[in-house]
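Structures follow.
Heads up, the next two complexes both have subunit A, just with different partners, subunit B and then subunit C.
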Partner chain A sequence: MGVSETYARGRRFFVEQPLALGVALVGLYMAWFLGEGLITGRILFSDIASWAWDGLMRGLIIGLAGIGLSMTYSILNFANFAHGDYITTGAFGGMAASYLLAGLGDADAGSLLLVGSGRSVYGGALGVGIVTSPLAVVAGMFIAGVATVALALLIDRFVYKPIRDESGITLLITSIGVAFALRYLIVFVFGSDVRGTTAAGQQPTASLLFVDGYVRINAHDVTLLVVSAALMLGVHLLLQRTKLGKAMRAMSDNEDLARITGIPTERVVKSTWIIGGGLTGVAGYMFVLWKGTIGFNDGWLLLLLIFAAVILGGIGSIYGAIAGGIVIGMTASLSIVWIPSEFGRAAAFAVMILILLFKPQGIFSGRSTA
Partner chain B sequence: MSPSGFRSRASDLLNRDPGLVLAVFGGIYLAYILAGLVFGFSVRGHMNSIANLTFYVAVFGMLALALNLHWGYTGLFNIGVVGFMGIGVYVTAVLAKPPAAQGGAAQVGGFGLPLGIAAIGGVLVAAAVGLVVALPALRLRADYLAIVTIAFSEIIRFTFMSDTFQSFDVPGTVDIAVGGVTLFSYDPAAEMVGFGGGGGLILNYVDPLEAILRTLFLWDPYLGLVDAVSVVIPSNPKPVVDGFVYGLVLLGVVALYYWLLSRTGESPFGRVLKAIREDEDVANSLGKDTSRFKLKSFVLGCALMGFAGILWYAGRGSITPPSFRPNITFYVWIALIIGGAGSNTGSVLGGAVFAALLYEGPRYFKNLVQAAVDIPDGPGSFGQAMAPIGASLDPVPFLVYTLNSIGQLRLVIMGLVLIWLMHNRPEGMLGHRKETAASVDLSRPDRGGPDEDVAAADGGETR
Partner chain C sequence: MALLEVRELDAGYGDLQILTDVDMDVAEEEYVTIVGPNGAGKSTVMKSVFGLTTHMGGTVTFAGEDITAAQPEGVIHKGLGYVPQNDNVFAALSVEENLEMGAYILDEMPEAALREVYDRFPILEERKDQKAGTMSGGQQQMLAMGRALMLDPDLLLLDEPSAGLAPDLVDEMFDKVDEINEAGTAILMVEQNAKEALRRCDRGYVLANGENKFVDSGTALLNDQEVRQEFLGG
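And then the complex of A and B:
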């Protein structure tokens, strides 16, 4: 192919899609800004590495929680706006267990179970953390998963199952109702104040030298990395190697056909909620453990980023959700190179909107639940 | 008159819109007044609660009407309502606030324009932003549009909250000169404008009600009215009368919205919108440029939402970003679903029922209980509330805690109501009377009314 032909094709592409030209120009400017900053020393390499690490951590949480959202989105055909509050449920449920185990004897059980609502106990004082109280953290993680699975099944039984055959929009509106009921029930029980949960200062931190500075990695970062990698691998094996995985893929492709071939669709739906709910609960717990604070709005604020990740990766694809989560997390963190930090989230949404415009089926397009 | 004749006349009245609206409004107000009388409110308390109720009935009516244009007529799933309201009121505030030098020293100032012009500016900017959002977003599927619009409304809130847009310095003079000849020279009065960051903006301009009444040359008669009321309420009657009259003005605006949207819905433009709602491909194949119609409908709805936002918040002492959480969008949606998407009368009724029962109702209930019973200081947290039940089966602290948390429980109730509605009555109060896209009567003469059969053919998605 000659140069002129390539040139003509490129020109046609940009004439037909003026928006693409704009995006390309903005991308070029951003690359230049970053390169120039790194060469002149305005931006440190170690800062970039720190932000990227932070973005990876965020991305793993988003990806982990996104797997569940992506699965229910493709198998039940609706965008579950209550998913963010499942995350919050997991966070509070798990932290209640961790508080109870870490602080039993130091404070009364009621305050511990309510995660120190009304400033009665402080997670930092109880020494909640992977190094200071490993048992409490592992148990909390487990309880977070179990509690969220129970909640997801309960809500499915009483809310979603009776209207399973309605349109996706009906279910979406219903899920908004679930989201608000759940969120403010959590406020009613656990209170609305944002509080610290971990003894972050007591966890060991490693400072790694990177070109011109240090990147700090603490024990909770490593915990998050290990747990999410293990769970993602587990889901991959489950969906690839078991009959359940095949049934799920069949169902998200064509539910009627799946039912005709004898797949017990209701049981598959139940399994979907169990896997998705469990991962979501653990993701919520890991999120509050990693960032060290807990609040009733945490899950909701994360939800839009998770939607962005799931759409980016292609609805139904769990690898897409993981990859999308990491891209969205990195975007939110690394965008401070170019824009003020309070717009990191806005930048992630902008990436989502661009994907919706240019490749609405997502980067892992069409590959459902595997 | 025989009882059956009376009943049929009553049901006839309820089947016509004015009768229905009057009946629902009358019922709501009667319930509020009776409850207040039974529990012994003062005249002042009575008037305040009625004014408050009227205010919320009106704003939710307006917002539900505007949303009905998006969802009920055109089938656009917009869950970013609060973003457009926020833009409307913030832009109005920035335009109308007096320059910083005249206001407080540390406060961010504004351009000092008259409130009416500022409100027009706010509405126009809300419409313009609606256009910007719609251009990419309207090509998307309904659930994607939902995610994009709610993400957008959150971006708006972060923008209001950010330090970057907290304040700007305005240049001393703006000159436009070509070849040494000054074409345009303008010396803006403002020195520093902005959104005020997390602290929000203090709305230190003229009261909106006063601005409206002065424009209509009704300010002096109004002061006379306030004097007359002072017979009933001797001390400081003006705030009470203000609230009351502002509520009435807002009801007038609801009537305007209703008129405008009904006219829009009946026009050829509105028929195309309904056709898009039913089946966009068919409308497209009939030669209608559907994306253009959707765009216009979206922008008009956004402008109306912006104006409703202005009327809601411009009379407050200040505005802060947390007021513009997605909760408000959720409220408007419940109001629309209660009333029935697709029906303008239903939207007004839904707004009224929502405001009276779900939004103001729990708070009013709390006030009633407080007026009737002397309530001790409640526990500060759920744990302290539950402890006495466990220890001595004493439910009082828990009940007091529940009553004090009514603001949060209200949202739980709303969520449950929404779930119940979607299960049992997704078409709401009047959604079964959805206006059809056809301009001719589609009912078969030998069958009953035009409603049931037509609604069944609406293709699921708009329910």
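And then the complex of A and C:
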């Protein structure tokens, strides 16, 4: 192989792959910046570990909430923009139950059910938390799921079902309308102020020594990890092992064939809303439990990240939603190493665009699983 | 009385009428093929029997029951199986899961029927854990038939089972259809490969422009001068 051929190949690479080249250069710079920071002690190894842990937690929430979105997308073929507000519904529904159980007797039921609207009661004062009031948290999680299932079924029955045969764009715009209506209904009932929900300070925290510092992991981190892992495993088993799960995959694969095979498609759609809605509600509850605050915009703000995760993972695949969620969450958190934290979300979207440029179908492309 | 009786059927899609006054009979355990030029409405007849078209007139009776414009779910329960021409397997599901979906309407997986399908198509048992979408066209066709056989139907509707198959597989496929028919399942088949289909079937219908043109035994149609010239390419 002559010099000229090597030169020509190199030249071709520069001309045809400017993007890959740019990414490689930026990647090299970032690696150098990180390495230099770690060596000079500007960045601590334990900081990196803390940010990664924080990113994993965010990723789990995004992934868990993304499963529901991905499921309804693959079975009903439309992107439900009201999904973010289903998350908020779960958060408020579940927290109302937690407040009521944790604070009954200490405060009037009305204020508790409205999750301390108008600063009437505070979750911190009620001792809401997995260790201080485990029953209230477990019940809250359950109610969050049930409330969101009920909402999802209700909206499907009265809004989406009548227009299911219209084009995807009709459904999409309608779902945006549903999103706004739902959000302001939540504001109307629960108020618009962002407030604290948990007695975060009263939950035990473990400080793990990591190289040059400590990584702090609190009880709500562990709760989130356990609950998400359990639910994700549950969904996996449902889809792979049960007849309903297989029918859901079959319908996502080929709806016409599902119908002529005798699969009751309407019933599968309903089950999809039930399972997807339940997961979404629990995700919303876990989100506000973990971050310790609640606001009417929580789900909406999370929705874009969820879309990013679901698209990144390969829309329609639940494994993609989980993987995409973790990538997006980690990116948003770890970007602090290089850029100010306010740009974390922007970094997450930049990484999404970048990955899609190289793998347009998403990480788990072609594996539509639900 | 025939197992399937189609009488003066008018059907199409939306406002577009494809079939006009189509009559068709399939007796129990009979093997019937529909041949005719492209766009003659052959597939539409099958879809209409299965309740997948817009009904515009006439009746469809199966085993003495009126199933005109019935829903597919209802038709399956009565003993009709249908293998569409394209996209006839769940690509993302394994072979065995595809067969399981074929028996979805039953409360339990019919082990005997599964055994029978595997005995008929040994390749499916060999590949039972493989994703259906990764199999060859011929194997997918076998799987689609296997799926339809899971409920042991009295009548199997096959839409161009040989389409897209390599020539050596076409014969094998026709052999399989013969076997299924010999085991007691009536067949109504649409085939592009008209001569071979007429050679093998009991009776054939020639359809053109959505109307009946000729009905006779397969051999008689093969020997009919007019049918040969107009529809079988001489």
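The rule is short, and it goes like this: the second predicted complex is superposed on the first by the 354 of 370 C-alpha atoms of A that agree within 3 Å, B and C clash if a C-alpha of one lies under 4 Å from a C-alpha of the other, contacts with A are read in each partner's own complex, and residues count from 1 in each chain.
One rule holds in what follows: a contact is a pair of C-beta atoms (placed from the backbone, for glycine too) under 8 Å apart; a residue touches a chain by one contact, two chains touch by 3 or more.
On a predicted model such as this, the values are computed, not experimentally measured, just so you know.
Applying the stated clash criterion after superposition on subunit A shows that subunit B and subunit C can sit side by side.
In the superposition on chain A, contact of A:Arg249 is made with subunit C only, not with subunit B.
When the two structures are aligned on the shared chain, A:Pro340 is found in touch with subunit B, with no touch to subunit C. Of the two partners, subunit B and subunit C, it is B that touches more residues of subunit A. Touch criterion not met for A:Thr205: it reaches neither subunit B nor subunit C.
Shared-chain residue A:Thr6: touches no atom of subunit B or subunit C. By the touch criterion defined above, A:Leu356 reaches subunit B but does not reach subunit C.
Shared-chain residue A:Gly191: touches subunit B; no touch with subunit C. Once the two complexes are laid over each other on the shared chain, residue contacts for A:Gly177 go to subunit B alone; subunit C is not touched. Our summary of the superposed model lists a minimum C-alpha distance of 13 Å between subunit B and subunit C. Residues 50, 52, 72-73, 76-77, 82, 84, 87-93, 97, 100-102, 104-105, 147, 151 of subunit C are the ones touching subunit A in the complex. Every residue of subunit A that touches subunit C in the complex is listed here, in rising order: 243, 246-247, 249-250, 252-254, 256-264, 367-369. Residues 78-79, 110-111, 113-114, 117-118, 120, 159, 162-163, 166-170, 172-174, 176-185, 187-192, 304, 307-308, 311, 340, 342-343, 345-346, 349, 352-353, 356-357, 360 of subunit A are the ones that touch subunit B when the two sit in their complex. Subunit B meets subunit A in the complex at residues 77, 79, 136-137, 139-144, 146-148, 150-152, 154-155, 158-159, 161-164, 327, 330, 333, 337, 380-384, 386-387, 405, 408-412, 414-419, 422-423, 426, 460-461, 463.
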